[in-house]
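Got some structures for you, see below.
Next come two complexes, and both contain subunit A; in the first it sits with subunit B, in the second with subunit C.
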Partner chain A sequence: MLTIAVDAMGGDNAPLETVRGAALASLEARHLQIVLVGDQRRIEPILEETRHDAERLSVLHAGSFVTMDDKPAEALTQKPDCSVLVAARLVAEGGADALVSAGNTGAGVLAAARTWKRVPGVRRAALAAVYPTEQRHGDKQDPFSLLLDVGATLDADADDLVAFALMGAAYASRVSKNARPKVALLSNGSEAGKGPASVVEAHKLLTSHTGLNFIGNVEGIDIPRGTADVIVCSGFVGNVVLKMLEGVSETVMSLARYAYKEKMVWRLGLMMLSGGFQRIKEVTDWEQYGGAPFLGFDRLYIKAHGRSKQRAIANAIKVAGKAAAHGVVEEIAKGMREFEASRQGGGAKAG
Partner chain B sequence: MFRWDLDKTYLRSEFSTFTQLLKSAFEKAEDKRAVPGAPALLRALRRERGALGRICIVSGSPTQMRTVLEKRLQLDGVEYDEFVLKPNLENMLRGRFRAVREQVGYKLPALLRSRAQQPKEVEETLFGDDAEMDAFIYSLYGDVLAGRVGDRELDQVLSKVRAYPDARKATLAAAAVARVGHDVVRRILIHLDQRSPTARFAKYGPRVVPIYNYFQGALVLFADGTLSGGAVLGTALEMIASGEYTLDALANSLQDLLRRGRLALAEGARLAFEIERADIEMDARMAAALPPRSEIAAAFAARVRALALGALPPVLADGHARIDYQALLASDALKGH
Partner chain C sequence: MLTIAVDAMGGDNAPLETVRGAALASLEARHLQIVLVGDQRRIEPILEETRHDAERLSVLHAGSFVTMDDKPAEALTQKPDCSVLVAARLVAEGGADALVSAGNTGAGVLAAARTWKRVPGVRRAALAAVYPTEQRHGDKQDPFSLLLDVGATLDADADDLVAFALMGAAYASRVSKNARPKVALLSNGSEAGKGPASVVEAHKLLTSHTGLNFIGNVEGIDIPRGTADVIVCSGFVGNVVLKMLEGVSETVMSLARYAYKEKMVWRLGLMMLSGGFQRIKEVTDWEQYGGAPFLGFDRLYIKAHGRSKQRAIANAIKVAGKAAAHGVVEEIAKGMREFEASRQGGGAKAG
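Let's look at the complex of A and B:
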């Protein structure tokens, strides 16, 4: 049975929603054990008020926690018993198979970096985000693609981008059951020579030294279309893209609300389309996807959205369970080994 | 003396849909399944309590199921002294359809009539579940026996649950005979079949302990001085051997009781001491499926170490809350009590 450590104190709505999310997961994901890491004095009253399965849930007390506004490095130094660090240590020691946190992203990454090892060959970790797309992907017909890095490594060189591609492909193949995910580099044109030097060099490496289903470069417009299953970029670019996509989504909703108020005819039109809007909302609702995997470490870390409520936390726990069960880390390590061997041998493709 | 409900307390029963209800009614004894650990716990209560280990079963199952249910208990090696079932067919033939579903007007007089046959000093532990109103009925039963609920209040409660006039009269008559004037219901254990939030039961006071499984039930009875450490171990082992429980699940269950203030840490230490010396009879198949005792102890110790011991709540002291039964009936959320 797999065990998932949950940073109970991390997130805008913690510990109430994180504990409720873990409680929900204890009832719905009966193949998982959940360890709530945090202040037991605050966790226990919430548990007692919430329907859960105590047989699948335990508490590991942590005396402090990192707030969303804390500076990560300072906070981890000043609070060695903070929940995210205690949870990361538990995973490092083998007491849990993955970590879920909705808390301060920097603190989570730093906690992982301080207690876990990187997969051999991976120099920098990447945060991957799932994004809803027009096309569906893999055997499970997932309606989203994977975009990485979205903020962990601001400036990535060619080797980093190749590692991100291998990591994203490993995640998509294991979690989305997409045996040969289509991998692309994000650039300003589809031609191989387009983009900054790091992207051009990464294109060459991905073509000649990996056996990935690499489809070349894609442009921003291809992200929502779902042209690729895995889209690779530096953290700086990925973060800008992600925030822009979120902004567009929010603006569309604002415009719909404006239209609803403005004219009776528009209101009627929106009401007639309400079923369709609901379906779109379901497909694009980030809470359904649980969390974003942090890839590149020898352990698994699922970063849930800071605003997560119980459903999103429960789904993040399930995603963590699935990633751990399907050997994502092992698949990444295999891909990196094969890439290094291919590059050193100067020939045979791997990945 | 130990009183047990059957469906969802002793037996794994599913009848939330009509199909499940029908299936349950026609199921053979061999196909019915006990909740893991319940048979071991019942056998231990009988074995260790001797003359005080009288087992009385009061169930809402219809009398027509007696043969099947008796056979299931026999297959599990469970002995009992009383076995009361609900005359549902008779209720239907008499047009008393309300009585088919209503539990207070059936269980309460049944318990009181049974109690009237017992010496006044005999203490009781009752086992129910959170699917219907067991915590309510058992607490009311205990308070009627203790004299905290008089005839007037009892009649008002029976009126509120719309018990039939003859059932009201019979209940009041049985209460008059059974009332002992002091507390004899010592413990009420509610099996959380529906996983109801434990806080819902706080209004019944410390006497009622919601439990997720019978390992927790055995632990509470061990702390009460009712059972030995060996009985706790025997219950745990039967649960693991059932294949439905892991060592982690049991260790989590132990930690849950500590966090809720339902078990003192000192009792955990006493248990470890007794378990080390306990002599448990088990067949070879069961023995092969079980982890060594050192592994069990290590798993339990790890869950205790995970807690800030200074932050554990004080163990709830014995005592009886003043329960406003009529107010409880007026609230919407009584189901699952």
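Let's look at the complex of A and C:
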């Protein structure tokens, strides 16, 4: 049985919604054990009032926690018993198979980096965001694509981009049941020579040295279309793109307000759609699909959105369970080994 | 009187719509002279059938032209008498004050770079896109912001970003009548230390060495909001962002299709809005605001959208006239001089 460590104290609605989410998961995901890590005196009263499966849910006390406003490095030094670090240590020592946190992203990333080992060949980790697209993906017809990195590695070089591509493909193939996910590089044009040097070089490496289903470069407009299953970019570009995507409903409402003030039929249409726009906002807020995987280490960390409520937390726990069960880390390690072997072998395509 | 050179052969609808646009401008902008540069045998028959002011409109023959699919460098070498190069030369020699083209962007940029001089202090040029926002800007309450660079300089260093900020501010203050435009750097967080090294360093330089109304870093979500009047980034990031903006209506329709298939009220709302979405698409297609200024040279080039029809061309001609009349180039040169002086003077804020 797999065990998921949940940072009970992380997130805007913690510990109430994290505990409720874990309780929900204990009832719905009967193949998982869940450990709530955090302040026992605050967690237990919530658990007492929430339906859960006590056989599958336990509490590990942690004396402090990192707030959303804390500076990650300082916080981890000053609070060595904070919940996210205690949870990451539990995972490192084999007491749990994956970590879920809706708390301070930087603190989660740092806690993982300090307690876990990097997958051989991966020099820098990536945070991968799942976002909704028009086109469906994989056997399960998921309406989601994966974008990475979205902020862990701001300046990614060509080797980093290749590692991100391999990691994203491993995640998509194992979690979305997409045997040969379409992988693309984000650039300013679809031709092979387009983009900064790192992207041009990564394009060559991905074409010659990986067995990936690499479809080449895609442009900004392809992101919402869902042309690729996995889109790869530096953390700086990915972060800007992700924040634009999260604001897409707001964007359209704003443009609409500006452009159509006078037309009654458009006003009416907008009013009818306002619930719909709210729903888009929720979808782009990761509510449905649990969280963003942090990839590159020998353990998995699923970052749930800061605003997560119980349903999002429960989904993040399930995703963490699925990723651990289906060997995402092993698949990444295999991809990196094959890439290194192909590159040293001098160019033969591995796949 | 100012003279605007128009590349009659550039754009998806050239020469029909470019000639019609120039004809329209000759009637509406009576302070401008317009020179249509291109194939006389194709331009004149269109002019004969189009109302125009013959006093303000003339034709300069060019024997060839660059197509949208041509490779810019090759095309300019193989076609030394192509319309965009003939027009750029006319501007360089003082026969016209600015260039308007809806043709191949790379060819326009290269034609300018080969025939014009760079503003002292500016090492790399920038293409600035105008895009619609919710917030209004400047004395004229323009619902537009400026984003630069969007593709001329893919890897911009800190000095380039500072030059882009000064150029964008000069353009906004002179063309949008916005005396102290709010200038921001695009980053992955609003704090001064956020972003890659080039952005962090540019933040310092903009704070200490320019008289700009620098409001610090903004994030992806601030782009459609219109938090800043001028947003500065490298050409790679700007190009990805611009292409996402252009696809924003498509994005929302796609998300809507995915999320609300079942709800009748939403379907109806979407149907009522479909004309509205088309209109957003047009707005984001630069129809209203004429074109994207190419900044950094001693002359101005306004790049109209490739799909421009007569109204967009006429607007681009007017914008080119306004930019030339209000001394955008002189304002850029002044900003660069003040920046260099402040930096050599050791940090005193110039403004």
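One rule holds in what follows: the second predicted complex is superposed on the first by the 315 of 351 C-alpha atoms of A that agree within 3 Å, B and C clash if a C-alpha of one lies under 4 Å from a C-alpha of the other, contacts with A are read in each partner's own complex, and residues count from 1 in each chain.
Heads up, the rule we're going with is that contacts are C-beta pairs under 8 Å (C-beta built on N, C-alpha and C of every residue); 3 or more make two chains touch, one makes a residue touch a chain.
These figures come from a predicted structure and were not determined experimentally.
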May I ask you to decide whether A:Thr50 touches subunit B, subunit C, both, or neither, giving the answer as first, second, both or neither?
first
Based on the superposed arrangement, let me know which partner A:Gly211 touches: subunit B (first), subunit C (second), both, or neither?
neither
Per-residue touch tally on subunit A - higher for subunit B or for subunit C
C
Partner chain(s) touched by A:Gly306 [first = subunit B, second = subunit C, both, neither]
neither
Considering only the touch criterion stated at the top, classify A:Leu27 as touching first (subunit B), second (subunit C), both, or neither.
first
Which partner chains sit in contact with A:Met1 here, subunit B, subunit C, both or neither? Use first/second/both/neither.
first
Identify the partner contact of A:Leu154: answer first if only subunit B is touched, second if only subunit C is, both if each is, neither if none is.
second
Per the contact definition in the header, classify A:Pro72: touching subunit B only (first), subunit C only (second), both, or neither.
neither
Would you tell me the residues on subunit A in contact with subunit B in one complex that are also in contact with subunit C in the other?
none
Using the touch rule from the top, collect the residues of subunit C that touch subunit A in their complex.
132-134, 143, 151, 154-155, 186-188, 195-197, 199, 219-221, 223-226, 233, 235-237, 239-252, 254-260, 263, 265-266, 268-273, 275-276, 279-280, 283-284
Within their complex, state which residues of subunit B touch subunit A.
195-199, 212-213, 245-246, 248-253, 255-256, 259-260, 303, 306-308, 311, 313
Of all residues in subunit A, which touch subunit B in the complex?
1, 3, 27, 33, 35, 40-41, 44-45, 47-61, 63
